[in-house]
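Below is one structure. I have some questions about it.
Residue numbering begins at 1 within each chain, and the chains themselves are lettered A, B, C and D in the order written.
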């Protein structure tokens, strides 16, 4: 997922839109602050992008879709940036090959920062003028959520890059694990099934793939109150989880054998103990923290081993609708870079832990909702064309900006992807 | 799809079961009859298998799952055949690498035929003894449907093999096209939506992936009365269908460019006209015949171009329930090898043309039905473990034995597969 | 090496030429006799070819280069065989892709045999007419040596194919090892160096790559009197030969690690002993037989380990000139198919064992001799264009027709090739 | 070629050795001076390395082979740098994977510069102490020539990297072509052949692969007085050079077709004219400058087209012995970064133009000289293990430090390598 989506309905007055624009744009810079220009340069695999590229591409979005068509007299910062920083919009034109983004040593980071300043200055002029133009405001909002998606990718991609270095360098030094500790005992929340509403109801921003709101018929089911922990996952491993083909989908088993998977990504068995590479460097496994950096294949195999299954996305969403997100800025937005929240998971009030720890694989292939129609033009390429051979994830991770999380949000990745903060929540038939 | 599935309920008395056993087994031999031992030896790609291997593997199924456990005193034909002819059953043990099946020049075809005779003789003794053992009878039935699946693969795989030869040799010489001609004008059949039943109701054989019967909520929709024709598909090609990225899923567009797709598989532009390789050799395109040998990506792009969409499998099934299959043996069963049926498509009575022309790509990823549980043991590997990154096809093709077709049948292939007789039926919202 | 070369000087009167034609052509059929049509169909890797293809390609050579241009009224057997059975002659035109030769189930073997008979009948008419035309007679001679090269390939390719089958079937059942036993103690033969003659002197047939005769300045050297044995090679293995990078060329070490080499091709460690797959099935290693089926990389590493080096081809040739081949037909020519000769290696008279056991890797990259000029036209593609990234082998193996062996013969393969009967003879500076 | 070699004989008094050490080390920094930390970070292909890596690896050489074993009390700069910056010395231990050198964002460039300063300070203490230890002085000399090799690689690798950027950025802005203009008419210099000396005579530094001095027997030959020009190469292209298989080695023709080669690397046909990417950005082709950035395959095909051949390395060396290099520092050593020399090629006195324009492909596979023995230990891995599937180049390019060039120097690359400054000098038999 490089990113995009189209908002369907804007909702924010222009002043607060500008304030939000500035806040989101600043947060990207804060995420890059601990990194050198060299760190921002490299690309560790085709699925990841350099931080510098993320900073430029998100800026290109505003320049291409807002400033060029809408701000009279706007001067393009550089005529070739459109070629360099277009991600996948065929309607916009040719572009630099994705696997070679790490070769773009020019423009240097400082030029990209100047590009950001140039665009931000122009956007500060454009946004107040948009008053009343709901389509344009929606497009700004889309650009901001687009940028928030890339903020998470900045963190996942830099983590992958640093993990390739034998020095195992930390992104930020403070030795705090990224994920919230969860000591709550595993319990279920029940749902009676029936005809339910799925999708976004139009109040506030959403991506096009969350629409239209529609009805789904569910059978009674149960959803786990918290994610699977690292300790529980270790029990799966100790029980031969990675050596028993009967637990795996056929494609997953092929990968287990050819790639030699025997633990989640970033786990290493050192000094007779399991450790994991984190944004803070190598750390011991915390048995009470959610397991993360696993593929759909591993999530599915674990669920089978546990005698349960993964939830369908509609099931997850029903439970989430009853337990709305409590908005509070997290480190991605504050720039404080201490990803670990206070151990909020222990008290009685937040036992469901649905949001902001890990992206939770669902058993739902990524499909269009009934009646889905992408918007016309290039932004229509945001989501729809990726609806094949991917699975939906729900919930939002510790690296997701808190204001970017919502109950109807549909994230999606191929079933073998592991470099995201992806984990497991179990479900079963009631 | 190599094959498997578990029947859930047997229904056939032993005498007719034996008769049916003999009929199905004979049909496989009839399909191989026009082929030399050399033709039966070769494997043209990893997804395909040699005819000899199909003949042996289907036999191995009966030996492994029925004769060895159930026929006292049964002597295994050859101790290493289990290694050579197991397809993908991890529970049974190690096996010969799939991409190298074409290297098995030993055993020779005549030994495989002797293997078949050996097993058939033993099955003729076993089946009458099974009376009353519903599980075992169900397993025989499963083996027969398994063999019918491989009968279709014999035809698709030999077609692919022969197409790789510059001589473009025919499987059988009679110059008759494989697909039924369809001159009916395109019209829609309407469905009001609502809560509908999906899945097999337990009357007669089915694979495990057709169960359990369950309810689905549908919106009103329309389904085309006949498949898309080659003439219609040519219009799509002439309109730049293979050159317009906005029509394609992202993964599909990647393949179009890297593989250079510009027409269905087997089409060649010769002497200023489009021709296609068929089981009868090269033949001119018939504009009124259903287009076939296209991938999901092409079906999806065509539907988008046509302003429609592909049906969901539940939609297809609802219409099919109202228009049951008229059973009549086809060439796969009779061994007459004249695949072309009489032009039945023109009269008033069969205008829907749902069965027996092409496998129709649906917009449904291949998923378990709610509550699906594969049977324990090796036969549980038949279907469930392949439920990832594939799409469901419905209907049955001209190469499918007529007695193997039913309204609830779920075929499945990856979205880039083209060597099956796969085509398009359009749908749209009502 | 698919084949070619151009003879430079014919020498054979027409009657004996025809007799020799018939003898060589018959020998090919005798080699195929123990094989089924299926065995002759399959291709186990891109470097190997099906036996059927070898039988057809050698026939195509005579049809293309002799019958079509020179026999008035000759009718081509089949107009597309030129496309199917051309190996690599760009000057002749397009051709079937090499890695897909195993897909040519048509024409069947019986048609290829009819093709051979058709061409042989025509050649029997043409050869007597050639009397006096030295160029044409030379071309017949070239075609026969070409066919003898393919006779060896028939054996090496069928061996590789059968080795891929878990049944490990024998080519011929008699359990006799292919290679001559050599119990002679390792000793050296000395050469004083100086300016020596290298290349063919024009008496009898040779390929173009053996010309021109030229002078080379050699330093004093010693050449081993017999090849390295399997027992000696086992000592290298036991001493960590495959685990010590300092013994290996860099490219070789890469392959050792990525391919997991730890013994010669075809060796398997079974029941706590080393066995090898042979044309007669699995057999225990014979410590006194020459080691074979090793790459240049392994030969070079062994020599380094042994404190010696591989000979240069000019060194090998000097010794061979002093010890001419005693001509005597071997199994390839007699069709008796008992590759193992009597243990001639033990007596005093044949201690050098230079010919007919294994192809011996030399340290000489395959280069043109000074002044080399390939003949004009398609036959000029026989040798010259392959002079890159290959090494010269000398001597001839147990699978080489005896009449095809001579002291100046230059065989060549890439340094990682192992499926030929290739082994080691040591050399060192004097 | 990553680098190494062992000098056999040191020759420089310690004071001048230190001065030379400082000069060579400074020149590396001067080459990196126009580059940002980001430029120094990226790796454009597995064969190339990041500039930062070159700067660190050359430093690691001195630390590993001199300071650690010989300077009492020396403190290693960082314990993991040995893992990160070892190139290919198996005897030293494990190392970072070569294709991932571009992922080493840590250590940052500034740390690598500190590493250089740390080692340089220690070397300034060690070198004066070495007085009398010829082995150690030879090792310092080896380290300096090793560094000079990497200076050339810095230029070729950064050129390749920058060429991957659609901005086509210049390494240094001054628009001067890199190669010397050569307007001299093509003429031959004759050599009578005979027994000649080849290899280094022991006066001054050389790599181990230039030894031992030995005798070779040559036939009379002629060598072109100047390299092939871009204008001449264009004539080859215009004559269908890239479309005529009869001109090419078989491996070369495969690459021409699969890679789509139709001109030298870096050439682009823009605005109806051929331009080339240079270290100064895009520039029009200069018909009088030597053609460069071509593979052995192209050089060989050109020579065949021109009715000539490539010289053997011994031939080249004989002519070079009679025309010694006039030492004069070039831009690599002065850091002035104006690679283009004064047009010295036009006058009468330097018509041979043997040194310092391009590396000239010879027809000689890279082999050990007779009697070659690499030194013991890790430095023995410098050259010998690469003597396979590479060809020798002679002469030195515009990017080679002038003090690094000599008549006996043997450079080597695989026949498909094009990113070096490699070109053509013709030869023919006399």
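Some observations on this one:
By definition in this document, a residue touches a chain if its C-beta (ideal position, glycine included) is under 8 Å from a C-beta of that chain, and two chains touch if they have at least 3 such contacts.
In this text the structure is predicted, and so the values were computed from the model without any measurement.
The chains in contact with subunit A as well as with subunit B do not exist; no chain meets both. With chains reduced to the mean position of their C-alpha atoms, the one farthest from subunit C is A. Rounded to a whole number, the gap between the C-alpha centres of subunit A and subunit D is 46 angstrom.
Distance from the subunit A centre to the subunit C centre is 60 Å, each centre being the mean of its Cα atoms. Subunit D has its Cα centroid 39 Å from the Cα centroid of subunit C.
According to the touch criterion at the top of this document, the contacting chain pairs are A-B, A-D, B-C, C-D.
If you check the complex, the residues on subunit D that touch subunit C are 88, 90-91, 195, 214-217, 219, 245-246, 248-253, 296-297, 363, 365, 367, 370-371, 380-381, 385-389, 415, 429.
Subunit D meets subunit A in the complex at residues 36-42, 44, 52, 80, 83-84, 96, 100, 102-109, 161-162, 164-167, 169.
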